[in-house]
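Next up: some structures, all given as structure tokens.
The two complexes that follow have chain A in common; it is paired with chain B in the first and with chain C in the second.
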Partner chain A sequence: MSGNDTLLPGRPGPQRRQVTLYGLTWSMPIVIWQLIFFVFPLIFLVVLSFWLVKNYRMVPGFDTINWVKMFSKGYFWDAYWRTLGYAGVATIVTSILAFPCAFALAFKVSPKVRRWALFFLIVPFFTSYLVRTYSWQIFLNDNGIFNTLFAFVGLGPFQLLNNFFGTLVGYLTLCLPLVVVLQLISLANVDRTLIEAAHNLGCGRLRTVFQVIIPLAKIGIILGAVFTFILTFGDFVSPYYLGGSKPPTLSILIIDTTKSGQQWPRAAVVAIVMIVTLLTIMFASVAAAYRKRT
Partner chain B sequence: MSQGNSKSLLLRGYVVLVFIFVFTPIVTSFIFSVNSDRFPTIPLGHFTTHWYETIFADPDVWDAFRVSGIVSITVAILATFIGFCTAYTDYRYNFTGKALYLSLALLPPTIPLVIMGLAMLALLARINMSGEIYSIVVSHVVLCSPFAMAVIRMRLAQINPDLESAAWNLGASNWRAMREVIVPFCRPAIASAFCLTAAVSFDEFAVAWFVSGLNKTVPVIILEILQGNTDPQINAIGSIVFITSMTLVILAQLILMRKTINQTATGI
Partner chain C sequence: MTDIKKDKPLSEKSETKVAGPDAGRRRIIKGAGAVTAASALSVPMILVPPRANAATELNMIAWYGHGEPDMVEEFEAMHNVKIKAKYYAGGDNMLALISQSPPGTYDLVLSDGEFVKLLKEAGYIEPMDPNEYNMGDLFDEYSHFDAHWMGDTLYSVIVRFGYLGVSFNTDIISAEEASDYNILWDSKLKGKVGHFDWHLPNLGCLSLRDGNDKPSPFDINSSQWSKLQETTLSLKPQVGGYFDYGGTFASLKNGEIYAMCGIGDWITGVVRKDGSPVDSVIPKQGGIQWTESYSIGKGSKKQDLAKEFIRYITSPKGQVRSIQMAAYPGMSPYKSGWTAINEANPEEAKRQRMTFDGHNCIDDLREGRIHFRQTPVQQSLEDWNDFWSEYKNA
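Up next is the complex of A and B:
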């Protein structure tokens, strides 16, 4: 079997469609693995949501009672809107806080500094989020470092932990570096001549940022926002350990329902509602990101 | 012009502030891991290695490091292999349903970890496969392969497609061209993907917490200490975890950066 019989690399055009052992060897591992250990568990979750729990044991069946029960509970809807609101606020705050930083790194520093900045922004994404959360507890608790410092100047104590502020600090820890990176990549690719053109045509600095640069860097900004939304919507660490866990978000609800209540089918209902919400928001934003400006 | 300068000074100051915010929790953890006070406050107590001695005397911690080591190395091997296969498929072939294929490959990181944990636990418990080391491995490979694929795909984007065709024209089979052209070219990306996926697996706590049972990994131990009271041990374990994962990630980036620079310089 000669290589010339199969498709040429990276070259669109007339192609012979031919399934070879060689092609299957490389294309199939991910399909097999993800179908068995990713798609199948998620499908099973849907099936599970129709099962019943009797005497602390799950019984296969087809009953909509879990859905009816969950949807009729006030605390479920409270948690739903709360989680949506938390993620929404976190997305807006993170995007706004990240932008000046990404902007400065894209336009105001040398390429060398930019490379190192990128490097240092990527590293924390792969380091323990749990330990970083614990560190913030040290800073934010009632007699923590911040309140000690405030006391020196005669202020406080402020409650910084076990409320939404604490949660938000955790969300920022999780998302801010990543969002800066995504915005930075998009901003660095903005055509400089367009910015000069705007200046030459008498467009002020601030107006150039809002009317020229931001629209041109739209994809990175939206992508950063989508990632923040996905990560914060599903995160349980910040609302639990920095936000005080009560009232719960959907992720905390899943954990409580699974770990203490044995009510896996009801947890599955919450999980499916979360996935549907996330997919809807993801597709809507990606469509918005790639839509041509009219 | 001086107004412009002061503005850009302000911007630079803001950048520094962002970096302080990002690295404060990391540095803090190291400082308090060698601080003598039971409760972390300022002013600091004196230097001590007590917390490190405590955790190293704890067999549970040793066990957790053993489990984490086994899991992350196995996951890195499998995820890098699967990621390589997928990246090569994406690079070389066009076929109907490719968009679906790629979303199947890249979607897992967008599903919240709690949900992945619940789904894996529900399924594995049903077929009596939960609570084992391999339960963690199979779930982590799902989460890590997309990262491996992304790193290797970026490397393949730099290859000259004529190299592979040239090998075929010289009579090499597909397999031989793979072995002697593609794999050597991707070697730095493969090494980098290995380190990166090992780091992701080593840090992952949510799915591991759901499916691990008694085979706790290090992050699961940290999670359990977090649920209890303030305990400086967590800073000691945390610092070791930080050093491990940062070493892996920095290694991954250095391998990738150095090779790329060398080859641009020599014009390959």
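Up next is the complex of A and C:
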């Protein structure tokens, strides 16, 4: 089943395509962009991780001390597993919360309502993520809107800020609209005749969702999850401003490392570990998304 | 630091702790104000809006606020100059920014006292002639401030100073309770103790709590260092969060955090102005002192103008502005600065205890209660930083 492969065209077909000068010309800008702004900086980051810092100045060299120091610190591994866990939970929660919304927009509402919903899902991105995150403090603090409402019914106050819950709210603010849109595009491309066929063959509603619709829309669902993981794994704003940096994630550790002693090379070690982790997760996820059903 | 006992009206203003609709609405509005202010404070740390074109530009690297109109507009008008400020947050950040810039980029370098030596050793600042500045006007305690002199050579001229101790929500704890660092371990503060996210002032204050006041809370041997780590880790269950300047401001203002150590009037002075029930005290175990001073950047081509600015900002007129700086207040080490602020704004002079009659802020220094904030003497800065990361992860 490949109902929505159109979401990401370009799967290699049975016949190898010839690279033409025309195609090469049009694809060059992105290649150049990636070289200048991803590959070269990445190489520099790796080189930087072997430099030393003397008197707050980076000194070019080749010393593995930064790798040894960071890998021997318990707090580095604590932060690593925590960040992985936070991003994992955020990915699961975001995907689960987004799906019913995307499903309803794809199958249960009129095209007009769907267009308006898409518009409102995009509107939050007009405002800075930092400002959106800060504004959550009005809702989440001890004297904030939520606790005031809870107080009206004799509940609370609840600790909603400076903990993982606060961080999760920030992650959802960052990712939920995007994931809904990605899932919606995928679900909207599901071939309706296959759903009808499933019903005609006696497949119940819930079974149709899990055995027909989700497999057909899996590329969008997995891509949404991957985006959530990538964005939350590297996010600094939510764990700092809503989680109270307590305990810190890897991105906060990078800030801490550079802030005191100007240890950019050690921060580079943390960054490389993050990049490697993300690349591994991304390749595994994309492979899963495009894997054919047997 | 104000004496909360003499300052009843503010604490009375915020007596509402009952969750009625009005109280709730007020709190929400106050919370919104805090968030808006904190956003505004945290976002523009590196951005200074351009002002009118002027003939000359004077480049400054400084903590946030020093290049704002309330501090420099008079000088700019007097000398037809535009002061262009690059802001940093913390001495390490300052050193990094300077090291990444070619010599001569910054004409003026505003630094915390403990970083002047590092600036000099790295060759980032010029020697200064004390006769060119208002050194004779300084209180004795600052006339030969050790951190600014390398041998017989002056490298920095002090502008302002302040104290760090315990800052607290006056609705929750009294000034008397806050006058002992042990209040931070009180059960009513569980999850409500905050940290300004910089190890030096925090560990300095907790070192004082451990009794490490001689010679300095930053000059401790290995067993004292072990004890300090133990003390700090034992505080962890009380901690509600680690914050930058904006977050510190917001968390105190919206009541999320009840007490913090290692900050002082430079934060609570601003929060109080917005009507929040917060204050700062120097605990009985002592407090930490911060200082800010101007140096002339190595290779500056506008040294005469830079010297002129330092003379201006250390003059009575400049000191009045510095004491009341919008971003965060600071005390004056200049006698004429005290005279000027007492004439211009006696209430502020009284609030910051810069009065010639009665117990004043200089008396705290004379009594040996205040210790200069410095980098660790017997451990490396890396040791302290590593431990701070461990503490945050604990």
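In the analysis below, the second predicted complex is superposed on the first by the 255 of 294 C-alpha atoms of A that agree within 3 Å, B and C clash if a C-alpha of one lies under 4 Å from a C-alpha of the other, contacts with A are read in each partner's own complex, and residues count from 1 in each chain.
The rule is simple: a contact is a pair of C-beta atoms (placed from the backbone, for glycine too) under 8 Å apart; a residue touches a chain by one contact, two chains touch by 3 or more.
As the structure is a computational prediction, the values presented were derived from the model and not from experiment.
More residues of chain A lie in contact with B than with the other chain of the pair chain B and chain C.
When the two structures are aligned on the shared chain, A:T148 is found in touch with chain B and with chain C. By the touch criterion defined above, A:P177 reaches chain B but does not reach chain C. Contact with chain C, but none with chain B, is seen for A:L161 once the two complexes are overlaid on the shared chain.
When the two structures are aligned on the shared chain, A:I138 is found in touch with chain B and with chain C. With both structures placed on the common chain, the touch criterion links A:S245 to chain C but leaves chain B unconnected. Contact with neither chain B nor chain C is seen for A:G88 once the two complexes are overlaid on the shared chain.
In the superposition on chain A, A:Y56 contacts chain C only, with no contact to chain B. When the two structures are aligned on the shared chain, A:Y75 is found in touch with chain C, with no touch to chain B.
Counting contacts by the rule stated earlier, residues 130-131, 134-135, 137-138, 143-145, 148, 241, 258, 264 of chain A appear in both its interface with chain B and its interface with chain C.
On chain A, the positions that touch chain B within their shared complex are 1-4, 6-12, 15, 17, 20, 22-23, 25-31, 33-35, 37-42, 44-45, 48, 97-98, 100-101, 103-105, 108-109, 117, 119-124, 126-139, 143-145, 148-149, 172-173, 176-177, 180, 230, 233-236, 241, 251, 254-255, 258, 264, 267-268, 271, 274-275, 278, 282. By the touch criterion given at the top, residues 8, 11-12, 14-15, 18-19, 21-26, 28-29, 32, 40-42, 81-83, 85-86, 88-89, 91-95, 101, 104-105, 107-108, 110-116, 118-123, 126, 138-139, 141-142, 145, 149, 161, 164-165, 167-169, 172-175, 177, 196, 199-200, 203, 205-206, 210, 219, 222-223, 226, 230, 234-235, 238-239, 241-242, 245-246, 248-250, 253 of chain B touch chain A in their complex.
Considering their complex, residues 55-58, 73-75, 78-79, 130-131, 134-135, 137-138, 141-145, 148, 151-152, 159, 161-162, 240-241, 243-248, 252-253, 256-264 of chain A touch chain C.
Taken in their complex, chain C has these residues touching chain A: 19, 21, 24-25, 27-28, 30-32, 34-35, 38-39, 42-43, 90, 92-93, 95-96, 99, 118, 121-122, 191, 194, 197-199, 239-244, 247, 250-251, 254-256, 381-382, 384-386, 388-390, 392-394.
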